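Paired with chain B in one complex and with chain C in the other, chain A is shared by the two complexes that follow.
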Partner chain A sequence: MHTFHKRILKEFKRLQKNPLPGITIKPSETDPNDLSVFVFDITLPPDSDGVLHSIYRSDIYQLRIKITDDYPVDSPEVQFLNSHPGSKIPLHPHIYSNGHICLDLLGSGWTPACSMESILLSIQSMLSTNELAERPPDDQAYVRTAPLNPKKTTFDYHDDNV
Partner chain B sequence: MSDVDGGVPVGSYSKIELKNFSIAFNLEDQDDIPNIRNVKYKSSSDHLCCAICQQPFIQPLTTVCGHTFCKECIYEFLKVQHQRSSRSRTNGSDDEEEDSGRLIGSCPLDRTPLDSSKINELFPTPLIISNLVDELEVYCLNYERGCEWTGCRWELDHHVLSDCGYTGVACHGYRTVDSVDKEENEGEETKKQTDICKMLVERRFLEEPRSKTVGDGDRDQEEYECIHKVYECTLCQARITKIEEGKHLQSSCPYNYTKCKLCFNDMIPMMNLAKHEENCGKAGHLKCPAHEIGCDWVGNSDTSLEIHLQNNNCQLSKLLPYMKNLNNKIDDLSKENSLLHRQINKILNSIISGKVTNLGYHEPMEEINRFSSELSSIENQDKLLFLNCELNRLKFELDDKILPFVNRETTARSDRESILNGLVNDNFMMKDDLNLQRALVNSLRKQLQFMLFKRNSPPGLQSGGLGGGMGGPIRSSVSFAEPESVEFFDIPSSSNSEEKLNLKL
Partner chain C sequence: MSDSDGNISEDLEFDYDDDEEVSFSEFTADENEIDLVNKFEEEVYIKKDLKKEAPSANRLQARAKYKAWSLEEYINHFFISKCKKLQSMKLPNCDFDDILIMLHAKNWGEESVINGCYDNPTKFFEDCGLPLRKRNNTFEVVKNFLCPICCSDDDIQTETYSLTCNHKFCVACYTRYVVGLVHEGKLITCPECKLSIPHGDVQKFVNVYNEQQQSGSSVLNSPFKFVVDDASKAFVKGSPIKTTIDLSSFELLKYAAKRNIDSNPGNFKYCPAPDCMHLVELLSPAKDGRTESENGKTMDEENIYKVPIVTCPKSHEFCYSCQFENHLPLPCWLVKAWIKKCNDDSETANWIDAHTQSCPKCDSQIEKNGGCNHMTCSTCAYHFCWICLEEWAKHGHQYYACNRFDPDTVNAAQKYKKSKRLTLKRYIFFYSRFSVHETSMEGDSKTLKKVNEKMTKYMNEESKRRNNAEVSSTNSLSWIDVQFLHDAIRQLTNGRKTLKWTYVFAFYLSKSNFSEIFEQMQDYLNKTVEDLSKIFEEIYAKKKDSSNLIMQNKLDIINLSNLVAQRQEKMIEFAFTGLEQKLLRLEEEKPESSLEPVQTQTQGQTKRKQR
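What follows is the complex of A and B.
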């Protein structure tokens, strides 16, 4: 049993009770006895005028949040999945083609006051504010040498625009 | 159907059966203390929750930036931060860790630098917060085992450690080692080995056999007979332990007979009783009309019902109309009572809010009367009565106060009247006196005139005149001393005095 089982349970219950717009949790991936892996479907919700102004349109992406043993003192492992048929990695200058995300919230910017909800929201907003359909400049080189666990990578957070 | 549900069904998309880990507390060692982190709260406020564990604070500490965390949480976080930063530091230089008690990091909420060794950067939260958190209502740690206790968090330790019957404790009972052992060591077949049971048992099971065996003082050894000892159910020979006994008899022993209340068949196993009662052949479909007030009779046919109602069989059915009447009355009264309650509340409210100032006579009486449709006439009568009394009281008061005044006035008036009468009488008397005086003066004048006349006339006449005894000596003195001057003086004076008198009268 996780040391912060009750916190994870609470976060999870809140996500189930008040789902964020455009985000659904996929129960088939979650082991109710463990509560350490969560998979979410992320789409961008339409703007207030009902129109979707985004290069991602209504595509559905799958995001996996793996709760580490140190959670919430340490950040969870977060990455996009392309293992399922039909799922793909969103084109974004901070998202590598293996699903790793360059986001300071997932590394040095993490504090225990953040939650899965805040991760989901910031990734969603990262997608919705982006207008460049491209990979990071070092994508090829990174993907060849990248570790499986995105937390093992030390990212250099330099771009605050997107 | 399975084909349709092959994929992930949309309806059950966000449903995961959550499983809570068991938190029930076992007191295996005297030093065990319940872990308050596991406790389930009845209600809590987000403001009283630690940002790290998202549970109500436990031993809260406050940072210099004003945020509050559980002691354990913030230390855990600072430790990780400290390790991380010292690791990156030791990469560069070979500095060993300084004193281990000192942790340096930053606040998880706003990244204010924190040093755990400085008491002004991380200090115990004001007592009011810890008190608030300790006051939160919690369930018993053993609520999964069936304990229904709830109370403040600070009471939990005591409850779980010394009161709760569901706390697991070591059995400590003596146990005779089973036949399995005997077969293995055939030489010691007859020797019975005893052992102290170490298994856990809920405290409530333990209390009972202990108190029972106190009576059998001669069997010292089995005073604490292990309640895990398996024995045979006296009814069905199933192998059970003391813990399972109640449950076994209730729901699984096939020979624990009981009696059906309807068909009086006493061969119904307890485990089947509920089912039997549903299907009992004697199960009545007709109920006594008095079943509302407690008649248990049930029957199958109208004739049996008639018999039941005749011959004073059912006393309750006779009471039924009376009871119904009473019930109606009670209903009416309770309705009226609630109406009055509302009125009183209304009045009290308006008094409190200052609408009614002069004790009841005021404008919002209309509002109150809105509620009193049926009771208004009674209320009016009451008011009338009250006003009448008030009127009478005022009348008496008035009489009491006014009468003395009136009496005093009347006596004063009569006094004044009598004085007036006296004055009038005086007046008359004085008038009479005056008339008398006038007559006297007149007579004197006549006398004087006569005497003057007599003096002027020849002296012969004088002796034979009207001169009386009285005038003699005066007349002689005057006439002999200065007759000229007297005449000269006397006539005008007498005429003057005459005029005066005339004027006066």
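What follows is the complex of A and C.
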């Protein structure tokens, strides 16, 4: 069992009881005894401003959060999935086509006081504030050589505009 | 000591003194150069007087003027003294802790701290993560506390810590958090907000962690009791750090110092010995921190052959410019070439060659495992292009404009391969001699350790016997009497080291009359070293009464080790003078040109991948 089982359990229960608007946890993907992998369906919050004009308005994306052994001192492993039929990776200048996300919260910006909820919220806001339907400029090159685990990549967070 | 040797070396000195006059016309052309030489020689004498070098000190070695620093001294000089200076200026609303945090946040720039404090204190305090009201950092025991990090409420009483922001977390979680971040050498903030944890408190967490490690229990498993003694209570309650506490031992400051040195090395370099944390600062103006990256390009001939040998506070001897062992008489660029050559056979080196490139600024080996070609060196934070190794700023917004095919570089690659094959035989000859001495050096150190042990045992027995008899017999030895053994041991290893490198020197040396003299001197040194080594070998081999054998051979050992020292010094001096006056020539081209073909190969590979 994870050393911080209690914390993870608490986060899990909280997400089940009080789901965030636009985010549903898929309990079928989670082993309640293990609690190391969580899969979420993520859309824009339905009643927020500008959702009608957003490029992501009609899509549902799958996000996977893997809890590492050192969680919550260490950030979890987060990426979008396209393994299921019909699921795709959102088109975003900070999201690579293999599902890896360039977000400082998942790397140097992580502190143990952050939670899965804060990750979900910031990814959701990443999507809702973006208007550019494009991949990062180095997507092709990165995807070809990227490690399976997105945490093994050191991103350079230089673009705060999007 | 020995007359015969003195004569030989004097003869040799005359030899090249003559030649200096013959080639004097060459030198008069450039008077500045001579002036430079004279200046250096003056420095040599100053240095010798100041440092009272060991007998092995020689001209070349003494050329480097340097200062040895321990990390603690560095912290005291660059961090703490600035802090004290600012404290004495009585900045408004700042105690020692605050100033330390401010300096740390502003990369130890006094100016920006002073300006910040007076220009816009509110914003400046916020930038540095300092609270605007009075600091109120508290360790306290809370009943039925639910820590937001671990969510564990097992204990009825939990020890917690919070900064002025009052974000409470249990001490166990805080410790884990702080210990995980301290290695980055940056200020550590509250997990919840931007307030900085004072250095003293960080150290307390580190201490807790260390105690945990020592007692063997993991922070994770045992709810430990955090003892807040009276002294530390005052410490925590926001009273300024007492100056009696040794600030330079603070873990966070140590890592901050490392970070500071890594990103802005100046003339500082780490001692390359394993687990040695000391530094050396080069003071000689002829060389600065950048010369290494620029290699031969901007350095004049004079500098190319200079080997700045320095010694760190823990008396590890190394070459400042290439951070390798004392490799006299061989110049650094050839050491690099030689090591590379030797490693060429090994798979690891091949792999490194094929998969990594060295950072153009600091020479750290970098593997690219993904991402774009805009590289940021994690050691020195230099931005460069992976393909052409030029500064990234030059690339502007155009990606990979450096990708142009150049047939010249391909030809150079072929030429390089051919010449490599030709020199292979020669290489094997010298390499075998080099490696023989390297292994003997290891063998020596073992033998010498044993001899040393025996001698210590003997001395202990002797002193016991003397104590029992309570009569100071004139026949027994004192520790000073056996000091010669340590000196001889050091001398033998030193001599072998130099000898080892002379083979590499000879490998790169082109044939001439002077190269023959060099080889002859090499033979002399070799013979003396072997003789000395043989005596130690005999002592080592003899099971009983070896200490008597040592005493019998005392004179021989002293004479031989002096001879080794002399010959070693003469050898190095001859090599250096020879190079300086262009009587000896080293064949291999400068590192850039020899490395170039290798780089073009990797360029080709990357190019194919890219398209």
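Quick notes on this one:
Following the convention adopted for this analysis, the second predicted complex is superposed on the first by the 157 of 162 C-alpha atoms of A that agree within 3 Å, B and C clash if a C-alpha of one lies under 4 Å from a C-alpha of the other, contacts with A are read in each partner's own complex, and residues count from 1 in each chain.
Definition applied: contacts are C-beta pairs under 8 Å (C-beta built on N, C-alpha and C of every residue); 3 or more make two chains touch, one makes a residue touch a chain.
Not measured: the values here are computed from a predicted model.
Considered on the superposed chain A, chain B and chain C are sterically incompatible, since they clash.
In the superposition on chain A, A:Pro72 contacts both chain B and chain C. Applying the stated contact rule after C-alpha superposition, one finds that A:Asn33 touches chain B and leaves chain C untouched. Contacts of A:Tyr142 after superposition: chain C is touched, whereas chain B is not reached.
By the touch criterion defined above, A:Ala113 lies against chain B and chain C together after alignment on the C-alpha atoms of chain A. Judged by the touch definition given at the top, the superposed model places A:Ser83 against neither chain B nor chain C. In the superposed model, A:Asn18 lies in contact with neither chain B nor chain C. Touch criterion met: A:Phe4 reaches chain B and chain C at once. Two complexes overlaid on chain A leave one chain B stretch from 59-67, 239-247, 275-283 or 383-391 clashing with chain C, and it is 59-67. Counting contacts as defined above, chain A residues 4, 6-7, 9-10, 72-74, 111-113 meet chain B in one complex and chain C in the other.
Within the complex formed with chain A, the chain B residues making contact are 8, 12-21, 37-38, 51-55, 73, 76-77, 80, 108-109, 111. Of all residues in chain A, those touching chain C in their complex are 3-4, 6-7, 9-10, 72-74, 111-113, 137-138, 141-142, 144-147, 152-156. Those residues of chain A that touch chain B in the shared complex are 1, 4-7, 9-13, 16, 19, 24-28, 30, 32-33, 70, 72-74, 111-113, 115. Of all residues in chain C, those touching chain A in their complex are 148-152, 167, 169, 173, 176-177, 180, 189, 191-192, 220-221, 368-374, 376, 378, 399, 609-610.
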